[in-house]
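The first chain written gets the first letter, and so on, giving A, B, C and D; residue counts start at 1 in each chain.
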C-alpha cells in the first residue's frame, strides 16, 4: 500500500430488514482508500458495491430498514459509532458523494446556486452573498460555461453532463478529502463520460482528493483508477493494483469479467464470452464459495467451504479463491 | 428574468385577493331596503333614560323567511312583524271580538247595508303625516282587491270618502262579518298613507309606513328585520286585550332574527340571545327544569283533510263519506304532534273560544273511527283500486307530512291504494291549484275569525261548488242578531258535515318558553303583540 | 444513526428483489425446456404471485378491516327484509318514541315505526345509492376521461363541460330534479351521478395523458392497432387502479351528500328510509329520543368507514410502487 | 402572463353560457312560481296573475332568456323580487360571509393538515402517522352537519363561549366577526383538513423516494432541512390542487352548515332562492359560483408557476 490510508473499511456488514426477512447486501467487506488515491469498485449490478458506498455515509434509514456491523475507520474515527449530529458534519464536508442519475439527483425547485450555497452554509459560517460568489467559482472550477447565469437557473434547464458537473461542484464545496462517486458516468453518453472522468482525475491531482469510484465499466476503471476492488454478492473477491489485475487477474470471476470486455482488435466472428448464469438473490446465497455455481473450476471444496480473502504469495493482489494460484495456469492450458 | 417573474405573479395575486375580499365585506353592512321613514329622524332621538333597569333591545326569533312586509299580502311569519308596524280600523280582543282601533266608532244603516266609520283624529303615520279618510279609502280598496276572503265578502262594493275623518262602505246585501274581515290577522286590512299605496306595484308596497307602535328601520333579507319605537304613537285608551286596546312601548329597538333551524333557535334561547322561543316536544324537558323560564301552551292551527271535489273519486260524496268514516283523529293528531296534551278534539270548524261562531252541529260525523262502515261505503261507491294521491310537503315544520302519512296508513288499512306526493312548498301551491294533480290534502290552517273566511269553503281551495253550501254561507253572513247568526251557523256547519268539502280532524297547541325577565307579552293565535312588553336587564 | 428517510426502496434492494421475482424460470436458458415444464413454471409463478398478493392483502390492515365491514354491510343490506321480519313503514302511533328495549331493540321513531328495521332498510338504501352512483359515475367518468385524454380536440370540449358540472351546486340540481321530475330514488341517483362524474373523468384523463406518452403506446401505433383498441386494451387498464380507488371514495361520498340533501329536504323522498332521512328525522328529537339519531349515525359511519378503509387498502395494494415497507425487528 | 390570464378568463365564457342555459331549462322544469310564493295561498288568482305579468313570467321561455342574456351582457343580472334589490347587490352582500367562512375554514384545514401530514410522512408508521389515518377517517366519515350539532351544544350552549348562530360583517370588528364564524368554520374545516392531510402525507412520501433527497442527505442536510426545504417544496403541486378544489367546494357547498348556523352566505341564498323560485337570483348564484370556481382554479394554476419553475404558463 503506497499511499497512507484515509478510509479503512473492515468486515463491514450492512443488513436490510425487508418483508421477506433479513438480507445483507454487504457481507463482510474490507477495503482501503489511500490519501490522493482513486480506487475503483467493480462488479455486476446487485453485487453490493453501491450499498457499500452508501454505507460509508450511512445513507440508509436506520430506523426502519438498515443496520450495520464492523468498522469504517476514517482518520481516527469509526463512522459507524458517530452520533447523527457528528455524522452530519462529515457528510458533504469531509466525505461527499455524487450519484448516477444527474436528472433526478438535483432538487428541481431550487436554483443551482442555492443548492451549492446550501452545502457551504451548512458546514461553514459564511455570509449568503459570499457563499453565492464561491458557488460561481465552484461552477467555473468544474468547467461550466457562463457560471454567473447558470447559477440562477434550475436543473431542468441544464443538460445531463452539465448537471453532473453541478453535482461535482456541490460535492467539492467544502474541499472534502474523499469523494465517493456512485456510477457517475453510467447515465451519460460516451463523450460526456470522458469529460467527467477527466474532471475527476484533474480534481484528484490538483486537490489531492481521494476518490472511491463505483462502476460496472472496466474501461472506466482502467483509465482512471490506481487500485481496483472486485465485488461479488456482497463480498470482495479480488483487490489489487489496476496494473496487476488487468495483466494477470487471479479470481475466475475477475477473469470472466475481463474476457467479456469487447476488444478493438478482438476476433469479430467469435461470440463474445459471458460469465454464465446471473447473480443469485440475496436470500438464496449458495454455500461455500459464492461464485461456485458459476465457476468453471469449482470443485467439492469450493462448494463446501468459503475461501478467505488472502494475499496470494508473491503478488500484491488479494483474492478469495481456493485455487487462485493455479487458475492462471489452467487458463493458459486451454 | 425568472425570479422577477415569480415575484410579480405573487404580488399581483395578493393584491387581487384583497381587492375582492375588501369590496365584498365592507358593503355587507349597508342597509339594503329603502324605507327608512323620511319624516321622522332616522335614529330615534336621544333615548330617554330607561324607567328602571329596563333593557332597550329585544331580539325575537322567526321560524321562516319573510317574503314580504306588505301588510295586505302578509301571511304566517311576516305577520309577526307587520302586526307591530301597521294597524287597521278595528282589531281583535282576546276573544276575537272586533274592537275599534283607528276608527273611533261606526254606524250601521237600518238595512244593515251601509257602514259609516268615524276616524280618530290626530293619528300620525310614521312619516309624520296625519291619517285622513283618503288614506283609509286608498288602503282598504287596495286590500279588498288583493285578498281572496275580502273579495268573497265585499264583492265589488267600494269604500268612499264622506269627509276628512269619515269613510263609508255601501254593501249590496247585509253582511255580519265586515268588522271581523277588517280585524283578521292574515292579509290584514292595514292603513297606509295614500301615496305609498298608490306607488305600490303588484309585488307590494316599497315603503313600510303605518300607524303602529313600532316603525320600520331596516330589513336585511333572510337575516333580520329591525323595528324601532315610534315616539309620537297615539294610543287608544281602552284596556289592552289581545291585539287591541292601550299600547305603551318600553322597548327602543326590536330585531326579528330569521332563524329557520329549530335546534339553532332553541340553542340560542338557552344561550340567552332570545327570551322567547317556540318549543318542540323534544326541547320541553330541558326548559321545564329552569327556574327563570315559564312554559305555556298556546292554541295553534287546526288540521283539516280537504277533498279535491273535482277529482274523479272525490267528486262523488260517497267516497268523501267513506274517508270521513274511517278517520281516527286521535291517532292522526298524536302522530302529528307526538304528545296527547298538544292537541284536542273539536268537531266544529271554529274554535270554542270564538263564542259567536262556535257550533256543535253535525258532530256525530266527527271522529267516527269506523273502518267497516267505510269499507261498505267504498263498495257501494264501486271502488276497485284506483290510486288516491295525497299531496303534502315536509316544510313548514313537518306537521303537514306527519298528519298525511297517518291518514295514509288509515286509508291503506281499508284497502285504499294511496300514493304520497311530497314536494316543496312552492310546488305544493302550484299543484293544489291544479284540479287533476291531487285527491286529498291534509293541511294545518290558521283559524280565521268567521266561517266565511274558511279557505276550503270557497272555490279557490279544493274546488267546492255546491249551490246549497254557497247559499247557506251567504245567509250566515247576512244574519244580524245573535240568534239569527247561531241558527245560520248551525245550518251551515250541519250541511258542511254532510257535503264534506273538508273533514275537521282537530286543533293543535304549540308550546313556547318565556324567560321571567320578559313581561307583558300577549299573543293572539300565536301572533305576538310587542306593545306593553317590558324586558329587564 | 440517521433516523429520517424511509429509503426502503434503495436501488440495490430493488435490483435484488426483482431478481428474486423472476428467478423461478431463468435457471436454465429458456429454449431447452419442454412446453410442459414451461407451463408448470408459469403456473407456479402465478400461484406464487397470488400467494404473495394474499399475504400482502392480509398484511394491509385497512384493506382487511375495510372488506370485513363491507361484507357486514352487504349481508345486512341483502338480508334486511328477513332480519327482523317487520315492515319499516308500519306505524303504531301508540308505541311512538319508545326507547330501545325488548320489543323494539333500537327503539321506535315518532310514528312508532321500528327503528332497527328502518336502519337496516336505510343502510340497504344508502348502500344501494352508493353502489349505483359509484358504478355509473365510474363508467361514465371512464369513458369521458379516456376520450378526453386521448383525443386532443375532444379534450377541450369535454373538460369545459366537466368544469361546468363541477361548479354546479349539487343542491340546486337535487332540489330542481326532485321538484321537476318528481321525487324518486332514481332521480336522486341520476343527480348524484352527474355530481361525481367530473371528478372521476379528471382522474381518468390525467392517467390517460400519462399513459398515452408511454413508448408502448407509440409501439402500438406502429403495429397498426386501431385507436379504440389502444384506448380500451391499453390505456383503460392504466386508469383502472386509480379508478377503483376513487370509485370507493365516491361510494362513501355519495352517501354523505344524500344525507346532506335530506337535511335540506331534497334527499330520498320520505317515507322511504335512508340513513340521510333517518338522521334528519332524528334531529328534531335529539335530546330526549337520541337513539333516533345515534343508531342511523352509527350505521352511516360504519358504511362510510368500510368504503374508505377498503379504498385505502386497495390503493396501497394496487399502487405499483407501493411502499414495500420494511419491518425492522 | 397577463395574456395567459386573459385567455383563461375568456375560456370561462362558454362554460358560463352553457351553465346559464342549463339553469334556465331547470327553472322552466320546476313547477311552482315566485308570484304564488310571494303572495301566499290567501291571495286571489287575479293578483297572482298580475304579479306574474309584472315579472314577465308569462313570456315564452326563449324571450325570457333573450331578455336575461341581453341584460347580463351589460353586467345587469336583473332584480330580485324577494330581495328587493339587484341580483348583483344581493350576491355582493352574500359573498362576504361565504368568503370569510371559506377562508377561515381553509385556514383551519391547512393549519391542521400541514403539520399533521408532514409529521406523518417523516415519521411513517409511528404515532403521528397512525393519528393521521385515524383523524382522516374521522374527518371523512363524520359529516360536517353532524359535527356541528355537537360543537354547538358544547361551545355555545354549555360553555357559552361562542354565539349559537348568526353573522356579523367584518366592519363590526374582527373579533365579533370571527366569533360568529369559528364554529361553522370548524365544522367545515375539519372535513377539509382530513382530505388535505392525506394528500400532504402521500405526496411527501412520493417525494421522499426521489434521489435528490439522498443527495441532500449526502450533503449533510439535517432532518428538518430535508423535510421542509427539500421534500415539502416539491410536494406543493398536489397540495395546492386539493386546497384549490376544497376552497371551491367551500364556496358552493356550505349550504347545510350555513343554514344550521344561519349565515347569510351563497349556499343559504341559493337554497332560499330555489325554495321561493327566485329565478334571477338562482341564475346569478349559479353563474357566480361557477365563475368563482374557475377563478380559484386559475389562481391555483398561477401558484403552480410560482411554486414549481418547471411549470410554464403556455
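What we mean here is this: a residue touches a chain if its C-beta (ideal position, glycine included) is under 8 Å from a C-beta of that chain, and two chains touch if they have at least 3 such contacts.
Worth saying up front: this structure is predicted, and the values here are computed from it rather than measured.
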Note = Min distance from chain CA centroid to global CA centroid: chain D
Request  = Farthest from chain B by Cα centre, which chain is it? Let me know.
outcome  = A
Task = Averaged over CA atoms, how far is the centre of chain A from the centre of chain C? Could you give it in whole Å?
result = 48
Task = Take the average of all CA coordinates in chain A, do the same for chain B, and state the distance between these two points in whole angstrom.
result = 90
Request  = Provide the C-alpha centroid distance between chain A and chain D, rounded to the nearest whole angstrom.
outcome  = 55
Task = Going through chain C residue by residue, note those that touch at least 2 other chains and give them in order.
result = 2-7, 175, 179, 283, 286, 325
Inquiry  = Quick check on chain D: which residues sit in contact with 2+ other chains?
reply    = 30-32, 124-125, 149, 214, 217, 259, 275, 309
Inquiry  = Which positions in chain A are in touch with at least two other chains?
reply    = 54, 59, 64, 88, 154
Task = Going by the contact rule at the top, pick out the chain B residues touching chain D in the complex.
result = 2, 5-6, 8-10, 13, 20-21, 23-29, 32-33, 65, 67-68, 73, 75-76, 145-149, 151, 186-187, 201-204, 206, 219-223, 257-261, 263-264, 267-268, 270-273, 395, 423-433, 455, 460-461
Remark   = In the complex, chain B touches chain C at residues 262-263, 280-283, 285-286, 331, 334-335, 338, 394-395, 398, 401-402, 405-406, 409, 420-424, 426-427
Key: Contact set on chain D toward chain B in their complex   = 1, 30-34, 36-47, 50-51, 53-55, 81-85, 89-90, 92-93, 95-97, 99-100, 103, 149, 152-153, 156-157, 160, 163-167, 169-172, 259-262, 264, 268-269, 272, 275-277, 299, 302-303, 305-306, 309
Note = Seen from chain C, its contact residues with chain D in the complex are 2-7, 9, 62, 160-161, 163-164, 166-173, 175-176, 179-181, 249, 252, 256, 259-260, 263-264, 279, 283, 286, 297, 300-301, 304-305, 308-309, 312, 321, 323, 325
Ask   = Which part of chain C faces chain B closely enough to touch in the complex?
value = 90-91, 93-94, 96-97, 110-111, 175, 178-179, 182-183, 265-266, 269-271, 283-289
